[in-house]
Amino acid sequence: MADSTPAGAFIHAVEEYTVQQEPYYLPIGDEVQLFETAYEQRIPVLLKGPTGAGKTRFVEYMAWRLGHPFTRISARTGEEAEHRKPLITVACHEDLTASDLVGRYLLDTDGTRWVDGPLTRAVKIGAICYLDEVVEARKDTTVLIHPLTDYRRLLPIEKLGQVVEAADGFLLVISYNPGYQSALKDLKHSTRQRFISIEFGDPPKDQEAEIIAHEAGVTRDTAMDLAKLGEKVRNPREHGLSEGVSTRLLIYAGRLIHRGVPARRACQVSVTWSLTDDAEVQRSIEEVVTSIFE
Amino acid sequence: MADSTPAGAFIHAVEEYTVQQEPYYLPIGDEVQLFETAYEQRIPVLLKGPTGAGKTRFVEYMAWRLGHPFTRISARTGEEAEHRKPLITVACHEDLTASDLVGRYLLDTDGTRWVDGPLTRAVKIGAICYLDEVVEARKDTTVLIHPLTDYRRLLPIEKLGQVVEAADGFLLVISYNPGYQSALKDLKHSTRQRFISIEFGDPPKDQEAEIIAHEAGVTRDTAMDLAKLGEKVRNPREHGLSEGVSTRLLIYAGRLIHRGVPARRACQVSVTWSLTDDAEVQRSIEEVVTSIFE
Amino acid sequence: MADSTPAGAFIHAVEEYTVQQEPYYLPIGDEVQLFETAYEQRIPVLLKGPTGAGKTRFVEYMAWRLGHPFTRISARTGEEAEHRKPLITVACHEDLTASDLVGRYLLDTDGTRWVDGPLTRAVKIGAICYLDEVVEARKDTTVLIHPLTDYRRLLPIEKLGQVVEAADGFLLVISYNPGYQSALKDLKHSTRQRFISIEFGDPPKDQEAEIIAHEAGVTRDTAMDLAKLGEKVRNPREHGLSEGVSTRLLIYAGRLIHRGVPARRACQVSVTWSLTDDAEVQRSIEEVVTSIFE
Amino acid sequence: MADSTPAGAFIHAVEEYTVQQEPYYLPIGDEVQLFETAYEQRIPVLLKGPTGAGKTRFVEYMAWRLGHPFTRISARTGEEAEHRKPLITVACHEDLTASDLVGRYLLDTDGTRWVDGPLTRAVKIGAICYLDEVVEARKDTTVLIHPLTDYRRLLPIEKLGQVVEAADGFLLVISYNPGYQSALKDLKHSTRQRFISIEFGDPPKDQEAEIIAHEAGVTRDTAMDLAKLGEKVRNPREHGLSEGVSTRLLIYAGRLIHRGVPARRACQVSVTWSLTDDAEVQRSIEEVVTSIFE
Amino acid sequence: MADSTPAGAFIHAVEEYTVQQEPYYLPIGDEVQLFETAYEQRIPVLLKGPTGAGKTRFVEYMAWRLGHPFTRISARTGEEAEHRKPLITVACHEDLTASDLVGRYLLDTDGTRWVDGPLTRAVKIGAICYLDEVVEARKDTTVLIHPLTDYRRLLPIEKLGQVVEAADGFLLVISYNPGYQSALKDLKHSTRQRFISIEFGDPPKDQEAEIIAHEAGVTRDTAMDLAKLGEKVRNPREHGLSEGVSTRLLIYAGRLIHRGVPARRACQVSVTWSLTDDAEVQRSIEEVVTSIFE
Amino acid sequence: MADSTPAGAFIHAVEEYTVQQEPYYLPIGDEVQLFETAYEQRIPVLLKGPTGAGKTRFVEYMAWRLGHPFTRISARTGEEAEHRKPLITVACHEDLTASDLVGRYLLDTDGTRWVDGPLTRAVKIGAICYLDEVVEARKDTTVLIHPLTDYRRLLPIEKLGQVVEAADGFLLVISYNPGYQSALKDLKHSTRQRFISIEFGDPPKDQEAEIIAHEAGVTRDTAMDLAKLGEKVRNPREHGLSEGVSTRLLIYAGRLIHRGVPARRACQVSVTWSLTDDAEVQRSIEEVVTSIFE
């Protein structure tokens, strides 16, 4: 289903991208059950939490979990094929327009041709559509999702003069980092009151160590040391930081250690320098590193 | 009349989208009669009220109610068909331009081709045109509707060099949330003095319980508890909120409870976390939840 | 001359839109004579006044009055026809560009094709061109009208590399609401000193009652009551309003009363709620309503 | 040379627009000789002065004066014809781009076709190019004229990859109203130090009376009264005005008086209401009017 | 090589524009040697100095000086021809985009066709490319020149997917007026530290007199008087000016005097009025003029 | 593989640009090993440091070092050829859009044709993609790289409706100058926590002298003197500078000295004038220069 380039890159049509293998995901509470209940009821879901808290991986995991293989005729190849639950992810940004989501006209040899955007594709095939960091998008895109999130489940496509009723499997999921919240970039009430909300916080230390050990291939002890470091640097205000360290950076440190980089140097380039440019704050983090990896 | 995709999505031409089944709507006062009188007189209508107060559903209900089936020849299929009152809804946003409403030229094999926008379609077929959150739109769109709202009932289409007199059945309805009112986004007097205004407030507790019971499938007692919660969290200032809880979120909570999620957890993800990111405000709402669902 | 759609909408070419029937207009002073004298001298006219003061209707009335039927060959049908004075109205807004007024190139089967804008059409056929709320337009549009308003009466069309001398019957009329005056949106002296100015104020109570009775079909007594209401709510500052009530809203109230809506309810939805969202100001207006329609 | 429309509008190619008849212009000092000397030396000229001071008419007069008829083959008709000095006027505004002045590609049946803008046409045929209110234009346009105003007399056309050396007869003239001077809209030194500057002030009273009498057709006495009014209202600060009355408005008043409008009413609509929207300032001007036309 | 229009304008292809005759340039110090050394080493050059200090003429002079005639086959005519060093000048402004410098696709009968911009042409033929007032340009253009100014001498053309290594003769020269320096329009260190810098100040009085005499054709005495005037008005702060008088304006005054305009009047229109609109500052300059030309 | 122009410019396809010869790079610490370890693990790398600290040269050196020649079939010529590690560099700026990185549709004889942007090319062929000064780019571009920097290694191409999994050799490297850090232009935590970070500071004096001697061809003594100058002017705050002198400027000074320009003059045009426009700061630097090169 996917083309490949000579150099080994694989190219998928957006609506044929599915999560084929179970992503490594360690549940923290009842978030898996909540998501499944919301999905059954087709209630849209908002995931709240800081950078690197695992929101994206959670959605990939849920798409894998909800997806029982099914048969569908490919629009591209005309062949039948087994599919899992398709997941269409859009990373939002301040230049993302409604056209980027819904579709646009392209000029072709036969005049203009309409090309569905990722949201329209998700609506038509009944995929999970995940709008990551939705507050970053322009306002026209957030308004666009309103009729998809109430009892109508409609997507108006003004440029086609059409209204699409979502296929049954469709679910809208958005994410949002309350830490970036500002007057300009807050999620409006007319939008947020259309979703149930699941909050993602920092993982407990033991659980984080388990994740680091699994992902970086380091020993349980090193993983625990890195999790300790994470916990200590997690209170950003104490260190003059605007945001704490994510599990991802701790995994990077673990992977460098695993390949022979000395632990303190690995923490410096993965954690300290990646967190801040401020020399004093860097020193304060280095002290924590030294106290753990003497 | 509507196409369907293999996955079950239905695609309608905008002007053929009608409300086929009576939407569930519980009148609060004489708003149904007022709307009907305004429609008879072709006086444009402004609906004012907060998020989730039911303005959209009211318009859908009125379109259903005003619509006695009639016969029209489809522009697309050339076939006669029975129609109800068409309703054309446009969710306004700050990038919505006059062209999005009126129409634009598209390049085709035979050069450029004009495509009517949703407002022009509504004017030509005599539909109800509902501009949701009209203050969000760019100024050129609000000016555009002025000649449609006085005795002339004209839509000038400058790019075609045409002036269209509205078909008899046409009515313009706009909505507006006074809570978002600001210097930049206020409805100008030259616009608002062209409409009669119907205000939507919070529903009385008993009525809200009835709605929750109907929509979420919970018992009358649970519905009443949720309505109580709504009433208590409805004074936003008291809880440090910028806006109170909408009926929609209470229905979400009811639907989760109906599917087995514990009531307090259901209220947390549907109400508390969806209303605010502030930990203190969340605690204050949790206390209200606990006092009701101990 | 005008096409009609099956649903009853009529479509006119812009330059063939004329006022066929005498609009109902009640002169307040010598404004009709002033306009006629200015027209004879081809002196451009600026109409100043608040929302709903009747500026648009006055221009329609003058176009009807100045227009003695004449014979012209239609550019579209090639047939001779009798015409009245053509009136081309453009509602200005902040996205109105010079191209919207003057014209633009469109892509066609034979390459690009120039399409005259409404101002160019007015200049070429000798129509009255009415630019409503001209300060809202972008600066390039106001500069554009300068050479049309001095002794040269020229319209430069830069994209065509042409200069058009206006046909004899052409007159430019603009309108302007001093109440919206701000540093950003004031009419520049280099523009305003090119027009004579006619100011429109509030109509005297008796005259307003006459208009309401005529337009809403209510009795003289009800009309007088509504005119009294208008007079009392006309001092906006006293009621904390930024603008007083227009005659149009009083007519709406009259039409609802005429159809059986109780007078106080009719005034609430037509006047009180349309004027303001502020609960206190609403109460203060309600008191006035109650004192009149007890 | 000029096409005409059935309704009597005349259409000229920009480079064939010349001033055929001597415009009425009353010299105030040596400005005519200064301009002629500058023209002989090809030194660019900046005209400074308030609205309506006669800058545009002065340029039209100089174009007429410098123009001894000459023979040129029309690019459009291929015929020889006698020409006067061509004058190409561009009213600058904040959306005027370099492309508007220099030219642009248009799509044609044979692909794209380049169309020279007014400045390029002036440079190629050796016309006077008059950029009115040049500070209003976007910065790219002012930079564009720099190489035309030093010893190189070059116009780079980047989109064509060309550099044009100006024809001998070319002269650049710009105008500028110092009264509008602001941080954002000031003429940069790198631009203004490329021109000699001629300042236009208010005309002496006798001279203004002569102009009014000539242009409005009123008696010498009425003209003198209007000139007196002009002089008294000319000190804007005294009347709380940002700018004094221009001769143009006094001529309008004269023309209305000439057609039978009472003098005080004519002054009210031509002068008082055109100058200001402020009721107090209006009263103060009315007093001056009354003291003259009792 | 250059086409000419009937009216006498000459049109050159950008890359065939060379300085054929020695421009009049009077060296002040070792700037000529410094530029030549930088050119040999291919070190980019930044010219700093106020308006009219002669930066443009210096670059034209250096292009003439470095240019020993050489033979090249014209891309346009296919013929061999002798060439001097080509000089490609771009006057930067705030709407200058990377596409304006590098090139763009144009639509043609055979689809789109790429057209090299002036910078690409300079890079390919090994010309001097002079970006005048580079801080005025948009940021993307300044970033664009970075890889051309280090040891790589590369021009990436992203729209073509190409990287061009500069031909040997290519040199980048930019100019910059520190007097306009502001937070928004400063030259970033990452840009300025890629150039050696040559500062241009005010010329010594004797030298300026020599320039004025040569350029305006006036006597040595008059030239000396004008140079004195220049010196006295050169301290802008003393006269309340933001910038002093350039040599160019003094030459204008000289040329008017040469043609019979009285010296004080010539200084008024060339110097006083061109420098400022402020009546008091004008008076203070007039006094200096009077003290010299009594 | 590369085309050449008659004048000696070489033109490469972006994905065929490789570093053929070992760039001169003097390692300061373990940065080479760190980069190699990160590359093995495919951990994205962020290079932090001031202007001219050698970040670009380091990446070129690493591309050369990682690149063992390999055989690939050219997409352009269809021929096999030996290749080193391809390096695709993009200088970011505030107008750089997602389309500039990912690709765009171009109009062709056969309608529109998609052209991959540099990032897509890098992803498909497995190149190092170096985004220089990434904070300068528009926000949509930084969001775009997120899915490429976590375990998914995906590039969504919304306009094609495709998702590309990166080829194995792909690595993303970005650079960033903390000295320019501001509220508006800071690297967001959601972006920076996706990279390990290597900081580049000022080189030690001996090492800098070695670089200057190698690059400028001057004697070891002169190089040492210039390195001393660099060290003394490196504390920007002491000299009222916003940024210290880069090694590049010291090399320029050395190259001018090498060609016979007196040392103090060479330092003036290469260092003093290039660093600042402020006369006082210039004097203070001149004193340092004089104290070294008396």
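A, B, C, D, E and F label the chains in the order they appear, each numbered from 1.
The criterion applied here is as follows: contacts are C-beta pairs under 8 Å (C-beta built on N, C-alpha and C of every residue); 3 or more make two chains touch, one makes a residue touch a chain.
On a predicted model such as this, the values are computed, not experimentally measured, just so you know.
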Co-neighbours of chain D and chain A - touch as defined: none
Same or different residue numbers at the chain B/chain C copy interface, by half rule: different
Rounded Å distance, chain E centre to chain F centre (Cα mean): 30
Distance from chain F to chain B - Cα centre to Cα centre, in angstrom: 52
For chain B, residues that touch 2 or more chains besides their own: 107, 110
Chain contact topology (line, ring, star, complete or other): ring
Successive chains along the ring, chain A then chain F then the rest: A, F, E, D, C, B
Touching residues (chain side chain F, partner chain E) in the complex: 2, 5-15, 17, 51-52, 56, 60, 89-96, 100, 104, 106-110, 115-118, 121, 132-133, 136, 177, 180, 242-243, 245-246, 248-249, 252, 255-256, 259-261, 265, 269-270, 273-275, 277
Chain E residues within the chain F interface of the complex: 30, 33-34, 37-38, 40-41, 43, 46, 48, 72-73, 97-98, 105, 107, 110-112, 123-126, 138-140, 142-144, 146-147, 150, 152, 156, 158-159, 161-170, 178, 181, 188-190, 192-199
